[in-house]
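There are two complexes below, and they share subunit A, which is joined by subunit B in the first and by subunit C in the second.
Then we have the complex of A and B:
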């Protein structure tokens, strides 16, 4: 049970830090709305509804990227990560807590993005909401691990998109598929499978990313 | 050291003989394909290269797993070399696949060819592997990060394959249906020779590259000891 207490404490720290400093979340919110507005102008007026669905997924992906780029900034600047690694807790708890924080920010950003999408483009159906919720899990799990990797490198912010985008192509396929086809079950199942595989892999390998 | 050199020379010789034999068999001995004619013979190069690329990535991931398991730093170089070879074979797969697509369907690139799309995704993924490696100081940290990333790669292969199959349903209607090659016995034999040749080429290149890199590291150590 101490494991979950550690996770809760660490996640609480991240969310409290964000509530006080308001560094990341307002930027994510503003970004996702700006992206949707830019997409309106980049789509020809006779574009189909499915085109805007694809663009919504790109907007969500890049919003996640924006949040992930900041995920380990505080730890790196104050050298907190060394302390966390030395703390007598399971290192995967750090990953889980950080993922929960990322998941929360992503959820808030989407709570704004989906109504905005419905307002500007197309109505939002239940399958889009389900796909977004499932995709969030995978994006947060994989993204947090890769953000930790990128934070350890010299290139940092530059490296994260390069690591992140090829790995989340299946998420885009699952998400767009679930939204545009008549029978979204297979695609939602695929998203769940992706979440499961990569969450387990990230959970198991995070220790090697932060430890020397 | 001489024993190891001998092995490398033997491997290189075997790979060369197999390559020449495989190409000769593919070009002159294998029966002409009824549908595609002469152009089908690129199959004997393209598919073995693709399978070898998978073998490289798999081997790299296996060495990465060994590294994380045993924390023995020599696996780092082995994993890196295997992934390096995998990327080279991956580029060759993309090039040969593109040539085949141009001859068969008249376009240099088609998203409906699953394997090619998969290789493009893998190519992007493993290019980022190099970016990651070159932006971290060498040491156990870099070894760990590279190993974890290489392991993600082998998980990504089946997941991406599934994703690409699913994506075909809505992104691209299947325009070009290509029946699986109806391989006769002699065709299959030539294919096996070519596959053995490519695997031999990989083994030979891998051994040489690894020897070179180890020599490099040893030289650096000696130079540092002298200074």
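Then we have the complex of A and C:
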């Protein structure tokens, strides 16, 4: 129970920081809507639903990347991550709390993005919503681990996309696949499996990312 | 409590610390002196476990929750208030009587009146006082203090003197300072880094 109390305290802190600074969420919301507007005007009017779905996933991926790039900004300032790492709590609690924060921000961004997608492109079906929800778990899990790794580097703006984008290609494959095929079960299962594997890997390896 | 054998530390090709051997027993106060860039902060980070030595080994015979580490930075969130920062650390360090302890420390270090203000609005001296509250919050057995007088005015300096005088003998202390005259009377051993 102590572990989850630590996670709750850290996650509450992340939400509070965002409510105060408004650094991340407004940027994510503006970006995802802007991207969808640009895609709407750049895609030919007779373009297929598959093409618009692909563009939606690109917009979601880069929105996540934008949020992840700022995920550890507050910890980098004043070296607060050192303070958290020295606390006797399990270090994976830091990862889990930060992932929950990223997940919440992604959820809010998508609550705006999906209606905008429906407005500009195609109606949103249950399979797209399910795929997005499953994808969020994987994006938050892997992205938070990589954001912590990148935060320690001077070239973090370059390092994070270089590490993140190749690792989340399966999310795009699963997400687009689940949205365009008649029977999305296989792709949704694939996304769930990706979430499970990468959440466990990220949870277990975070300790080694923050400790020298 | 702390044993260092042939400890060295490099950052890329630059060697900051080389071949250090020392032992600090429980209740002792080790004063670390030296000019800027001599490796005082690096040595304390090694003891805290934030850095690993590139040569030799350093053993601290305590779990990390029993260590209090004062760094150059306050290690607190600027967007949170002083009280919120201490509440967070109190939870993470599982401090039993968190509210009472937090309140007493804020009072002692003259921050009670500004406890609801964000740390970003604090002066350097106020941030240092808050950092000292953070360090003492969980009643650590080992105190690693890097330049504890930095940024403090005369009244706050005397507070640090009091903290050191209380802790000397009861706790193990390692104090890095380039103005060692305050600490030297309490020190049981000194380490001068070149």
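Convention: the second predicted complex is superposed on the first by the 212 of 212 C-alpha atoms of A that agree within 3 Å, B and C clash if a C-alpha of one lies under 4 Å from a C-alpha of the other, contacts with A are read in each partner's own complex, and residues count from 1 in each chain.
Throughout what follows, contacts are C-beta pairs under 8 Å (C-beta built on N, C-alpha and C of every residue); 3 or more make two chains touch, one makes a residue touch a chain.
Small disclaimer: the values here were computed from a predicted structure and weren't measured.
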| item | value |
| --- | --- |
| Partner chain in contact with A:16 - subunit B first, subunit C second, else both or neither | second |
| Touched partner set for A:181, first subunit B, second subunit C, both or neither | first |
| A:152 touches, of subunit B and subunit C: first, second, both or neither? | first |
| Contacts of A:1 with subunit B and subunit C, given as first, second, both or neither | neither |
| Dominant contact partner of subunit A by residue count, subunit C or subunit B | B |
| Contacts of A:205 with subunit B and subunit C, given as first, second, both or neither | first |
| Subunit A positions touched by subunit B in one structure and by subunit C in the second | 211-212 |
| Touch list for subunit A against partner subunit C, complex | 2, 5-6, 9-10, 13, 16-17, 20-21, 74, 77-80, 82-89, 211-212 |
| Residues of subunit C touching subunit A in the complex | 48-52, 63-65, 67, 69, 71, 73-80, 84, 88-89, 91-94, 118, 134 |
| Interfacial residue positions of subunit A with respect to subunit B in the complex | 145, 149, 152-155, 159, 162-163, 165-167, 169-170, 173-174, 176-177, 180-181, 186-187, 190, 193-194, 197-198, 201, 205, 208-209, 211-212 |
| Residue ranges of subunit B touching subunit A (in the complex, touch as defined) | 68, 121-122, 124-125, 127-128, 131-132, 135-137, 139-141, 144-145, 147-149, 151-152, 155-156, 159-160, 162-164, 166-167, 169-170 |
